[in-house]
Each structure stands twice: as C-alpha cells, then as structure tokens.
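Take this structure, written in structure tokens, and hold onto it; I'll ask about it next.
Chains: A, B, C, D, E and F, in written order; residue numbering restarts at 1 for each.
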Amino acid sequence: MSLTHFTPEGDAHMVDVTDKSVTTRTAIARGQVVMAQHVIDLIKSGQAKKGDVLSVAQLAGIMGAKRTADLIPLCHPLPLSKVSVQLELNDRGVAIEATVKTTGQTGVEMEALTAVNIAALTVYDMVKAVQKDMQITDIRLVFKDGGKSGRFAAEE
Amino acid sequence: MSLTHFTPEGDAHMVDVTDKSVTTRTAIARGQVVMAQHVIDLIKSGQAKKGDVLSVAQLAGIMGAKRTADLIPLCHPLPLSKVSVQLELNDRGVAIEATVKTTGQTGVEMEALTAVNIAALTVYDMVKAVQKDMQITDIRLVFKDGGKSGRFAAEE
Amino acid sequence: MSLTHFTPEGDAHMVDVTDKSVTTRTAIARGQVVMAQHVIDLIKSGQAKKGDVLSVAQLAGIMGAKRTADLIPLCHPLPLSKVSVQLELNDRGVAIEATVKTTGQTGVEMEALTAVNIAALTVYDMVKAVQKDMQITDIRLVFKDGGKSGRFAAEE
Amino acid sequence: MSLTHFTPEGDAHMVDVTDKSVTTRTAIARGQVVMAQHVIDLIKSGQAKKGDVLSVAQLAGIMGAKRTADLIPLCHPLPLSKVSVQLELNDRGVAIEATVKTTGQTGVEMEALTAVNIAALTVYDMVKAVQKDMQITDIRLVFKDGGKSGRFAAEE
Amino acid sequence: MSLTHFTPEGDAHMVDVTDKSVTTRTAIARGQVVMAQHVIDLIKSGQAKKGDVLSVAQLAGIMGAKRTADLIPLCHPLPLSKVSVQLELNDRGVAIEATVKTTGQTGVEMEALTAVNIAALTVYDMVKAVQKDMQITDIRLVFKDGGKSGRFAAEE
Amino acid sequence: MSLTHFTPEGDAHMVDVTDKSVTTRTAIARGQVVMAQHVIDLIKSGQAKKGDVLSVAQLAGIMGAKRTADLIPLCHPLPLSKVSVQLELNDRGVAIEATVKTTGQTGVEMEALTAVNIAALTVYDMVKAVQKDMQITDIRLVFKDGGKSGRFAAEE
C-alpha cells in the first residue's frame, strides 16, 4: 500500500482527479476545546451580551473552511456549496462541529476539519488570557458521504 | 473578570496594544496526530524516499504560522523573527512541536498553536486515504516568555 | 420573514446551495467617489501620462472581485467567468461600474459590489494627500440576472 | 501639485517612507448602509437571537482592516495595534464606524476605510435577499492623527 | 490584431469566457535556476538528509499554482484537478517542470508558469546565502492541450 | 559550509533573526520577457491607449512584492517601506526592474525578485494569445545593501 499524495518516485503532488466523477459530497468533523470551569462560566456569562466567544469562533470556522486549499499544500481548491459550524458549551469546555458540502471531484473532509481547527483556535485566542493550559483535542471526522470511497460514519 | 477581546459594551475588537512595550517574545506549542500502527509504518517507510509526509507537514506548519492573523479574527498582525516546526513519529502517531519568536507588542502563542494545527491537518490529509478515524489531539501551549504576563511553562 | 444567512436557531452559516441549479448569472453594481474640482482636475491631468489613477483603480477592482469570498464571511467561493470595471470622471468625481458573470449556483452581486468598493478605496488612496474629506457613496446594485429570483433592474 | 503615488515619469509606485519617523497614528472612518424600514426591523428582531447581522459584519470589518495592503495596490503593509468596528441601527439603516491605530511610518486611513467598506458589504450580503435596492453610502474619514500632516477632524 | 485583455476602448478586463465550452485542459511549463557548481554540490549533499532544497521548492511551486488568480490580475480563478512540480539537478543548477490540469473554460498555462516561478524563487531563497549572482531563466510553456486553440508543443 | 534554512538535523525552518540589528535594507532585481517583434509592436501600439500591458504588469509586480512571505515558505514576513517596478520595451521584449526597501532584520532580495517574477508573468499572460513561445529569463539580483553581509552590486 502507498500514499496517493506521493508519486512512485517519491515526489509530493496534488493528485490527478481529472477523471473522477462530479458528485455531491458531504463531510462532518468534530473537535473539543478543553478548559476550566471558570472559563466555561465566563463564556456562558458573555452569551447574554451582544458579543459572544462562540459566534466569533463560528464565523472564523466558516471563513477558515474557505481557506483550506491555501493552507493544506496538496488539497485541491474547490467551490463549497454549504458550510456550517456549531459550537456549544459542554462540561469539558466548547464542543465544535462543522458540516461542509460540495459538488465536485474530491471530498471535503479537510474543509470540515479545517473549519473545526480554526474555530477551536479562535475560542482559544479569546479566552487564553484567563487560562494558559487549555487543550484543543479530539478533532476527527465523524461522517463522510459521496465519491468512490462511499459513506463513512464514525462509531461514537 | 472579563474577556479582553470584548469591550464593556460587548463588542468584539482587536485589543489596543499601542502602549505595550516592544519585547522579544517566544511561544512553544505541541500537538499529536493519533493513528493506527500500519499508518505509522507507512509514514516511516516513506522517510527513506525523497518525498516525506513529515517534511511536507513541517513546511505547511511554518507557512501556517505566517497566516495566523488572517485566520484568527482578533489576532494582531505582527512580523515573526523565527518559526520552526518539528515532527516525529512516536508510538501513537505523529508528535508536533512549533516554536515561534517575535520582537513586538503581543505574544505569539496563537502563531505557535496555528503552526501545530496546520501541520497536524497536513499530516492528516496525506494519510487519510489509509485510515479514516485518526484524531488530532492534545494541542496546547507548553512555553511562553516575554511581555507583561511573563514566563509560562506547562507541567508535562 | 427571516434572513437566510441564519439558521432557525440563530447561527450564522453559509447557505446550502447544493441543490440549486447551475445557471449563468450576471450582476452590475455602481458607485461614486465624491471629490473637489481641483482633485478631479488633477486626475484628469494625469490621464495624459503613463500612470493613471483610474487604471490603477480599475485593476484593483478586478482583483478585488476575485477576493470576495475571502472578505465576506458567508459568501460562497465561486469561479468567475468575466469581470470588468469602468471608471470615468464626472462632475462629482469618479463614477465606477463593475460587471461580473459566473456560471454557478449563486449570484455575483457581492462580487460586483466588492469590485466597486475596492476600486473606490483605491481612487481614494491615490488622491487622499490632496483632499481629506472625500466621500465614497451611492454604492448599489443596478442589474442582476440569472438564478431563481430572476432579473432585477434598478430604477435610475 | 502632483500625486505622490506616481513618479515624475508617471509610474505608479509604493511611496518611499523609509525616512519618515515612526509615530503613533490613529484613523477613524464612518459609513452608512441605507435600507428600508422593514429590513431595519428584521435586523433588530435578530439581535435578540444568538446570531446577529451586526456582529457578523463587525468581525468582517476587523478582518478586512488586516487585508488592506493586499487589496489596495499602493498601500504599505504595516502592523496594526488596534482595530475596532462599531455598527448600530439608526433610522436610515446601519451606521458603521471603524477605529484603527498603528505605530509606524504611514497612516491608517485606508485601513479604517477598508474596515467600514467590508463591514458594509457584509451587512448588505446578509440582508440582500429581502431588499435589492439598498445603498452603501457616506463613507468618509472623520478623524486622523499622527504623522507629519498632523490632526484632521471632519466637520460633521 | 489586438490583445484580448483590453476592450476596444483600452480598458483592462477579465475576458468573458461564459460561453466557452468546458473541456479538460493541460499545461506544462519549464524553467531553470542557474548556479555555481559549489552550490549544486551543496544542494546535492543535502538530499541525503531529511530536509531538502528541492522538496521545499516543489511544495512551494504546487501551492503557488493555487494562488495564480490572486497574483495575475486578469487571470480567471478556476479549480485545478492536478498539479505536479518536478525539480532535478543538472549541470547548470536546478531544472524545474510543472504540470497542471483543469476541467474548465480557460487554460492553465499561467498556473503552470506560476508554479515554475515560485519553485524557482524558493530554490533561490534557500541558497542565496552562498551565491549572490544566480539567475532564474528559460521559463517557458512547453506543452498545452484542450480548448479552442488546441494543442501546442514547443520545439526543444 | 551549510544552508541556513536547514537545522543541523536537516529540518527546514525560518531562520531566527531575533538578534539581528534593524537596519535600512535595499534590493534591486531585474528580469526580461523575451518575445517576437510583432508582439513588441503590439504592446507599443497599446501604450497610446488608456489600457497598457506595462502598467498592468507594474501594478501586479508591486502587489506581488507584498505577497512574498505568503509565497516563499521560509521567507520572513516584514513591512516594506518602498516598492517600485519599472518596465520598458527593449529590442528583445520587456525589461523589468524592481526596487524594494525595508527597515528590518532581514533583506528584501526575495521581495524584489518576486516583484520581477510576478510582473513578468503578468506581461506573459496579457500577450500569450499572440505568441506561445515567449520566455521569461535573466531574473537576477543586481544590487543589495544593508545588513551584516553588506553591499552587493552585480557586474553587468
């Protein structure tokens, strides 16, 4: 078995998808920012106000999805037909889920994962002044559909 | 206590650092991509060849650090005087560490964390065809120095 | 009535256009930079030379149209099949018109409006040393065609 | 009198500021999105919910300020030490004000104006489905301080 | 004969390709970085190690191809279905070849040429400390297929 | 002798310049687009009109200089205090020269070279419809000053 992002000669390349069929593709990714209870409380208290940690991070995640091919060297640039990012407070901190769709020749797992990562970094940025040992963790693909490799649903 | 990224009225803003002193600042962040043994073996086998998962991800991480202020809405744009990203295989997958330095008015924690995130996403992208349930995890700040809030070293 | 850029739960998202049909779409936007007569005269006198305020702004507008999805958080990234920007001196200053076309699932109003805005900002930048109280004004959509909502032509 | 963005030979160039002194510089710009009363009401009704037109546009404006040198051809890239964007509903629609600071060799008028423009475009984008003949208008500099040309305050 | 990137009135514009047919298009470009023998030897000696001038430049070239429409004012943004960049040492220095494919309405010559340019600049950057009078040279299109103008193969 | 962009362990990194002194630095680069006489004539004939191949390329070169750190993986991001790009027709085609200045901790050779490359690619793009076998050639540093390594002037 070998890695498709390298040629037999060992060169990194952007895989040729010219002959792959154009299908509707969906990917859902999740992740978690782990923080102390007092930080969770601080974020919760801000939700009553106009500004809100979670909605800033939501927007950053959506915009991040659109930058995926700029950031990940061997990712194909492709139009996105839907991006949504949900953040909610749970007892460990902030849970993030991103859903991305396209109609194209490659999947959008990286776009969904990038959205989660950028949203998580943005949460971190906004509360880092009050806790220095937070963690961004459990970032993974939970669902994928469309394309030749078919449907994938993580066991959670 | 309140969050500095919001005004008292609840508006998100990029904090005014005009009057903060210009000092040398360093940040080190770490993270982990968790993968199956057969994927670790596959990456290891590629290291003998010209192309290499770890060196592609290393470069993506360095370039990612430079995009931090573009990606994280309330981050200050600032020149960076050093970025290095190390990746190595361990028994859980790929361990990542990024070190960033600047001489400026704000810290570079977010730049170091962004470098780790983008490097982790790039590792993920290159091996996702052979394992669909990898995780990006344990992303955290391990060291920070410079600026008013002083030195921080995580207990590891 | 409600805003499509928010879910019923109030989350901002990039609307799902996966099932919208792919059609040819056109949008035309206009705007004006209002300036003093002596600035108009200065721009006019430069047109005889190699460099020219209006042609610099024209190019900036065309390039700006291509950055729309990077700048407007909930805009879909989409390929553009035509962008043109016209600038001409009138008795109030500089009049700008941008025309954008695509064959895709969403309209290009925002691309045309962004082209006008960036062209206007560029005109402003180049002459701001000689007048500090210019205004960018009257930016609006004047024509739109294609897609489900059909043709729109502003009354002017 | 002549335009500094062109050489005597008529070539556009990024002006040499190497020998200008490094000072603290501030700029404040304002603008307005003009819309119908029913759209104003719709935005107002959304403010009670989590998602909010004005806070999405606020963030887009802040991020837009950081992209100024990418968008305006002859603008100098420079670090920003503060960016804030305020939006509020008035009887004509949405009023926008942006404040930008730097410690550098050139002013930040263009950054403040770009923030206002991008925030205005984002407001427009989010409500364009309910009104097609909105206008972005009255974008102007209202205050500027620092640097050789000194303080400017618009008469309002 | 006239240039398609200008209207009859002399305005630069992004040519309207709305009515061009969507076909598979390929372009191959080549270039050379000319350097002294001791620099060639230095690069060669590094190929045994983990890090490698040629693989860093390869990745930069691939990423550069994706930025073409951002860099070249009148280029159409378009999705790319394949990008590969090869670099090899020859007796004059480093030879570069880039291959790009798309399925779209315009060709990808500029993407292939941009990949070669950015890869060449990256090679230059990494060895400039040891030789100050290198040259980037012989950048040209060697093959092009697809679209109305048909196949082109350079005589080499 | 070894390459500074790699650590002793062979990892690519952005070199630590934290302790380098801040000085004024200048770089001048040149290059040439080689084309047929009929293309030279076509460009020359366009110079009488509003739009002009050389002024579009000039602007693209200036904007390209500002993108250098985004494009070249191991380049330091740094503010630029001057960018100018000159293009002129000679008997081989178009000659390009770029001058860049900064006050910073690293030189601006790569910025000057990137400006020349992007300007050359833009010239190429605009006339490629009329000649398919043009070449971009002779791109080199001609002058450099400031910083520890001192002054360099190419023998021409």
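Everything that follows uses one rule, which is that a contact is a pair of C-beta atoms (placed from the backbone, for glycine too) under 8 Å apart; a residue touches a chain by one contact, two chains touch by 3 or more.
Remember, predicted model here, so these are calculated numbers, not experimental data.
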Chains touching both chain D and chain E: A, B, C, F
Shortest chain-hopping distance from chain A out to chain E: 1
Centroid spacing, where centroids are CA-atom means, of chain D and chain F in whole angstrom: 31
Between chain F and chain A, distance of the C-alpha-averaged centres to the nearest whole Å: 36
Where chain A and chain B are represented by their mean Cα positions, the distance between them in whole Å: 16
Two or more partner chains touched - positions in chain B: 7, 11-12, 50-51, 55-56, 59-60, 63, 67, 70, 73-74, 79
Pairs of chains found to touch, sorted by chain label: A-B, A-C, A-D, A-E, B-D, B-E, B-F, C-D, C-E, C-F, D-F, E-F
Interface residues, chain C side, partner chain A - complex: 7, 11-18, 69-70, 73-74, 76-79, 104-105
Chain A residues touching chain B - in the complex, by the definition given at the top: 1-7, 9-12, 31, 42, 46, 49-51, 53, 56, 59-60, 63-64, 67, 70-75, 109-110, 113-114, 117-118, 120-122, 124-130, 132-141, 144, 152, 154
List of chain C residues in touch with chain E within their complex: 24, 55, 58-59, 62-63, 66-67, 79-86, 101-103
Of all residues in chain D, those that touch chain A in their complex: 47, 50-52, 54-56, 59-60, 63
